[in-house]
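Shown below is the structure under consideration.
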Amino acid sequence: MPVTLTVKLEFEAAHRLHNPSKPGDWNREQYGKCNNPHGHGHNYVLEVTVGGGVDPETGYIMDMKVLKDLIREVVVDQVDHRHLNLEVPWLEGVVPTAENLAAAFFRRIEEVLPVRVRLEAVTVHETPRNSATFRN
Amino acid sequence: MPVTLTVKLEFEAAHRLHNPSKPGDWNREQYGKCNNPHGHGHNYVLEVTVGGGVDPETGYIMDMKVLKDLIREVVVDQVDHRHLNLEVPWLEGVVPTAENLAAAFFRRIEEVLPVRVRLEAVTVHETPRNSATFRN
Amino acid sequence: MPVTLTVKLEFEAAHRLHNPSKPGDWNREQYGKCNNPHGHGHNYVLEVTVGGGVDPETGYIMDMKVLKDLIREVVVDQVDHRHLNLEVPWLEGVVPTAENLAAAFFRRIEEVLPVRVRLEAVTVHETPRNSATFRN
Amino acid sequence: MPVTLTVKLEFEAAHRLHNPSKPGDWNREQYGKCNNPHGHGHNYVLEVTVGGGVDPETGYIMDMKVLKDLIREVVVDQVDHRHLNLEVPWLEGVVPTAENLAAAFFRRIEEVLPVRVRLEAVTVHETPRNSATFRN
Amino acid sequence: MPVTLTVKLEFEAAHRLHNPSKPGDWNREQYGKCNNPHGHGHNYVLEVTVGGGVDPETGYIMDMKVLKDLIREVVVDQVDHRHLNLEVPWLEGVVPTAENLAAAFFRRIEEVLPVRVRLEAVTVHETPRNSATFRN
Amino acid sequence: MPVTLTVKLEFEAAHRLHNPSKPGDWNREQYGKCNNPHGHGHNYVLEVTVGGGVDPETGYIMDMKVLKDLIREVVVDQVDHRHLNLEVPWLEGVVPTAENLAAAFFRRIEEVLPVRVRLEAVTVHETPRNSATFRN
């Protein structure tokens, strides 16, 4: 089953790279300006790839409108225009690096996909020049 | 042989998501506004990746100009400025979803590549935010 | 009042360059493959610029969400996933070139803006490489 | 003197649309989710255009490296990875809308340009789909 | 006549910022690494805007295919895959900064446009982050 | 260990496709205009992907600022604003096709990564429409 479908969605959020279980010095040294106390922000692009076979009647792996609606419900609507360290219960205790966000989003999206659809990859683009990918 | 070469080409076409073997109600429910009777359209981007080893004399997997010319001949020139449901004989009976287009284009490109070149992947971008990939 | 605000919205439509008051030969010669009978399509990008002074309390020329909603109502929702020659009453008799679309969209958007906001420019991008702009 | 030079720089910041001289209800109604208490953020793109005549010896309006260094000094380095409402002294009391940021950045850049160079325009892109421009 | 048409074309060229009428020291100080003796290069994007009124029969300011063919003939085909300091007769004696290229290209394009079409602007993008514009 | 981190860096260089061990005729036939004697150039985009597991304390595969600094040191600073055939000792004898550059850059970056980080892929984009990837 060699076909995959990829969609991109956007959200705008603030975050701060900070590990609260570590002292301030460790955090400042580790994260530099990304540790500034009031945070900074990004226009995040969330890229999601699914596989699992094309339905011969519809020609779809799955309806991409349905896929986008699911992703909006379990991820985008909960992080958009939010501060990722302070306002998202399921990110509590997670340092919101691109790597950790990709993993957290992967787990949430995976749970809500239809049975016959497989989540292949989730990429979180922080900027047009850096991103992290979590692959199945 | 870990190296691959990727090229992108563009074409502008109309299409309609419609399965003619199904009743109108099924089609309207399945495809929503993508089933509007007169179709809509996209600036499609076709992304093609090939592998097969780098020729030590030329430094090429294959000349990318030759690769682009082949893709233009068997795909782009036949779909550009066309209605994909009505004017492309080799797409007859195919619902022109991104998934089905990627598969159909893959088969046509694969047939015309030089023997030592392997077609790795074909991606069809319908918009900057959705695409389907067919992988070898 | 030197400040302007610009927003971009997207829609996907089919069109055909064809002047019905002219014979077929004239149309084929004038428009080439853009005159193909079943049309082709684009991911159009509509770029709208407004001016008129920044409200000192809100810091807005106007709320860009309100602006986008107005543009969606009078333009985008009426042309998205449509065939511009066949399904849009207010484009009847208009050859849907980028130039004519920019002018038609300008007139519709101008009518619904708040009194103190001035429509400065409307640009219609047919592809990332061509566009037309109608300026006040 | 019809030639202008344009450069783009990027910064990543958090902000919150909030007018502290107004009650909470007014702010929530006016700004919606952009008023969320902990702010959100953007990958801002700052676009600066200068004119003033091309030096016949260098072929430059001004050296674009020098121009970028000046903009970094008086704007980018002070807002990058910062919360615009809380950490930038010269933005105190300014609701950080795109319109107000464009005006504030314009004034700071104008002051440090060489005498014979004229600042023509400053555009602040909050996202790839919205921006504000302050023109001379 | 408020409508304009804009097209973009690309070319790939080498150049070196060097004023041959000046000593080596002056050039090295003025241009830094852009003065390296063997040059460097860019994927240039050339953006051309024309006005002059929309033909009511065609809906065109001018046929954008014809416009692109003219620009290719007098500019793109002469600079593409060339070293701008060494291989383009009409750039002899011109330091190939973005500013000077915009002016030189403007003059060549202006000469070949149809009588009723007015060249409004030529922009030369050296990179996605810097450009120069020559306006009528 | 399913997570990867990807960064993009840019450099601007001249190159010429030419195999000095072959006669001029062979080179002209093989490479066409890419063999023009004075070379041409590109805004190259270098895309680097690493894996190897996320550090649970930092949330990083590795600090992307450190990764970018390493890539700048061993690749970007040595090729930026240079002629790739003439000024880069470690590219001597290499025809600078995208395929060969991806392989050469991969080897240099691989050597300087921290022990626990694995280089997954290096992509060299010559233009927005063609690229080569070297994968581990």
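Per-chain residue numbering starts at 1, and chain names A, B, C, D, E and F are given in the order in which the chains are listed.
The working rule: a residue touches a chain if its C-beta (ideal position, glycine included) is under 8 Å from a C-beta of that chain, and two chains touch if they have at least 3 such contacts.
Since this is a predicted model, take the numbers as computed values, not measurements.
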Path length in steps (a step moves to a chain that is touched) from chain D to chain F: 2
Any chain that touches chain E and chain D: C
Type of chain B:chain F copy interface by residue overlap (half), same or different: different
Between E-F and C-D, the pair with more C-beta contacts: E-F
Farthest chain (mean CA position) relative to chain B: D
Centroid-based (C-alpha) most distant chain relative to chain F: C
Cα-centroid distance, chain B relative to chain D, in whole angstrom: 41
Chain centre separation in whole Å, for chain D relative to chain A (CA means): 29
In chain B, residues with contacts to at least two other chains: 128
Topology of the chain contact graph, where touching chains are joined (line, ring, star, complete, other): other
Full enumeration of touching chain pairs: A-B, A-D, A-F, B-C, B-F, C-D, C-E, D-E, E-F
Chain A-touching residues of chain F, taken from the complex the two chains share: 2-9, 49, 54, 57-61, 63-65
Of all residues in chain D, those that touch chain C in their complex: 17, 19, 22, 30, 32, 94-100, 102-103, 128-136
In the complex, chain B residues that touch chain C: 10, 12-15, 33-34, 36, 38-43, 80-83, 86-87, 126-128
